[in-house]
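Okay, so chain A shows up in both of these, paired with chain B first and chain C after.
Moving on, here comes the complex of A and B:
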């Protein structure tokens, strides 16, 4: 409870900080909106030449795009600014001051900052998914909604694990530039249905490198084509990965050597 | 300054910490070699450090750059796990990072900051209030007191990045003391500040200590900080303790002479230069002597009796010089050979 109250307080400070630079704040929201629109146009271009991609028709592909953008925007709002700040904190040694506070350092470091720049993308992704529902491409049932929500939580947990892994690397290596590059590479894999990839890669994406659970499985859940077993497998993998990376974080902090001194 | 030391706050036994440091020779070829086959060297930052600090003491923790001061402070505050030995701070093992322990300490580093750069300090105070779970009443009374003591009422609502270094440091101190820590680790708190601001910070720390009696462990390269605040100094060099005792004892042992500067009215120097007295500088009518403490009174009396004295000052050798001498091998041997380690 206390940690949640601290995080809320930090988010409030983040919001106030963002508002100190009104022009930049407004520009980011507009830029992200156009990023969404350009991505949307790309999908439309695909379907001027093809009827379907790996069995996914244009409406299903748009559902995938909407889900992908939703997940991407959520990670951009809650995780990405913390990943960027983490690199600076390790390099500058300011991590020291946070580690001497009576807080859950993992939680606070993971969620201390929040970025509102992707709020525009979230709204447009939700509008797109709403439109696809009205159009009949998505058939909402209690089961599909429940599976979708579980799948989205699993997707966010998996992204968080990658994020935590990068934070551990930043602490361990003392400097890690372009940490976000790995995240972007992973996201570029998630833009397309996992069925597009060859069988071996597909197996890997459902097991060791579980990118299938980031967008394809949640989108399938919304389309009613994912099984409960598939969604629950994703959740089990996500929980196991969260447990493992949390242990790794604890070990990393014990091995922390701090900057200077 | 009077205080009661009846309990031990910090104890270290054979505390050691080593680091593996990557080595690199000069040039691109060496960089390439090092990239594929790095060579590491083990550096012992702290070696077998034994110390015992009582509750409420103010300790000056001295040493040249790289002596191991900050590493020790980081181990005491739970940031670094020691390579060997043991530490107990207020009965806790610091690197367990028990929240009760972390609530009892505060680490202030002159070159690092708690304050949110783009927000006014009052917002960081609010965040810290939440972190330490302070009630409205506690928060209000403490903040009022700190704001008054540190004279920061005019900068609470200005963005941190627009504050001067001195204002920022005072706000940093306010943030760090909001939860009234029992132990305060101060790492170069006056670094980069002008003399006036250094004095303000020193007098605040003395006042704060008088009111709340925290244990303070202070590192500073400004000897005026140490002379004004510390009742006891611990000196380390190459990670090893070379002196632990009162500052007065250190100066007496390292420099048993006083510096006597005499300006005479005219003519020859009016007194016989006696044993225990050595002329170190002369310029016109100004004479400067190194005089053993036991003959200072006798020489001064002799000079006054001649009626030829325009001015006379007697002072200790500058503390920087004494500490600098301590870091030479001979100095360290002299200090450690004669100084009993003080324990509370």
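Moving on, here comes the complex of A and C:
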């Protein structure tokens, strides 16, 4: 409870900080909006030379894009600013300071900051999904909505695992710039359905490298083509991975012998 | 007199390039991350294009797509320009003021830094490209490639790099007036480039009317054009026509850049440092 209160206070602080630079805040919202539009145009352009891709037609691909943007924007709001701050924390020695405080370091480090620059993308993604529902590309049923929600939670957990892995790497290497770049590279794997990859790679993406559960599975859950077993497998993998990476984080912190200063 | 000045300037440029090589090489780790970024998206796109159901007018076969996306990371890297990130940073942190005092054109310095960066990146990219090419060698068609095509490709890469650098440069020089040029860059350089330059969709596979627009815009020459030459689907006339369009854009943006630079320096007042 106390931890949650602290995080809420920190969020408020980072919001106030963002509001100090209103000009640049407005600018980045516009930039993100264009980013969304160009991402959207990419699919339209893609389908000038293709009819369907691995069995997904253009409407279904747009559903995938909407879900992808939703997941991407969520990680951008909650995780990305913390990832950027982490390299600095280790380098400047502020990490040592935080570790001595009576708080859960993992929680605070993961959710210390929040960035609202991608709020625009969330709303545009929701508008896109809403429009596709009205258009009839998405057929909402209670079952598909429930599966979709479970799949989205699993997707966020998996991204959190990747985030935590990169945080461990930052502590371990004592310096790691461009971590966000590594994370975004991974996202380019999710822009197209996993069905496009060769069988062996696809198997990996459904198991050891669970890329499939980040956008493809939630999107097919929304489209009603995912089985409950598939979504549940994703959830189990996500929970296991969260547990494993948390353990890894604890070990990394135990082995940490301070850096910078 | 003039001759000695030219040779002096040339050796200064060469020395700067060499210095940048050394500086960049100390940041090898960063280059590796950059390499992952350069390789991953073309891989994803190649997988996507191999599993599509094509439209009737799409001329590319699987072999074409494989060759295309095998070369994309290399061309993408070689024609890349960091000027648009580098220059606004120099304005903001004040290092431009220092550069201006040196008897060496600052823009050349940033351009050389960018070139050195792109060349060193090949150390990571080429081994991977050769390995990947070997792995899929039975699915590639390379028999039509001859020396002339390769020379055309090298020329096209150099021109493409030039036009991208000039456009990036023009955008970044707007940084004299605007504090943040990333949005402008995102639209003019990133977005349209990704759509019509041949990243997502090879330009040759567009429907007629879109292809026509793409061939007139400068973006095709930064990525798609050099690869189109290698695929051997362009006639000599088409290749020369491409060079002409690319040269036109280079000259235009060289003029624009010069104009902005002269105007911008007058309004530039240093801050930071």
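Throughout what follows, the second predicted complex is superposed on the first by the 259 of 261 C-alpha atoms of A that agree within 3 Å, B and C clash if a C-alpha of one lies under 4 Å from a C-alpha of the other, contacts with A are read in each partner's own complex, and residues count from 1 in each chain.
Quick note on the criterion: a residue touches a chain if its C-beta (ideal position, glycine included) is under 8 Å from a C-beta of that chain, and two chains touch if they have at least 3 such contacts.
Predicted model only: the values in this text are computed from it and were never measured.
With everything superposed onto chain A, say whether chain B and chain C fit together or clash.
Superposition check on chain A shows chain B and chain C fit without a clash.
Check whether A:196 is in contact with chain B, with chain C, with both or with neither, and answer first, second, both or neither.
In the superposition, A:196 contacts chain C only.
Considering only the touch criterion stated at the top, classify A:27 as touching first (chain B), second (chain C), both, or neither.
Second partner only, chain C.
Quick check on the superposed pair: does A:17 touch chain B, chain C, both, or neither? Answer first, second, both or neither.
A:17 sits against chain B, while chain C stays out of touch.
Given the touch rule stated above, what does A:142 touch, chain B (first), chain C (second), both, or neither?
A:142: touches no partner chain.
Of chain B and chain C, which one touches more residues of chain A?
C
Minimum CA distance, chain B versus chain C, superposed model, integer angstrom?
Minimum C-alpha separation, chain B to chain C: 9 Å.
Which chain A residues qualify as touching chain B in the complex?
Those residues of chain A that touch chain B are 2, 5-6, 9-10, 13, 16-17, 20-21, 92-94, 96-97, 99-103, 254-258, 260-261.
Can you list the residues on chain C that touch chain A in the complex?
Contact set of chain C toward chain A: 30, 33-34, 36-37, 40-41, 44-45, 47-55, 58, 180, 182-183, 186-187, 190-191, 194-196, 200-202, 205-207, 210.
Would you pull the chain A residues touching chain C in the complex into a rising list?
24, 27, 30-31, 34-35, 37-38, 41-42, 45-46, 48-54, 177-178, 181-182, 184-185, 188-189, 191-192, 195-198, 201
Would you pull the chain B residues touching chain A in the complex into a rising list?
19, 69-71, 73-74, 77-81, 95, 97, 99-100, 102-103, 105-107, 109, 111-114, 116, 118-119, 123-124, 126-127, 130-133, 159, 187
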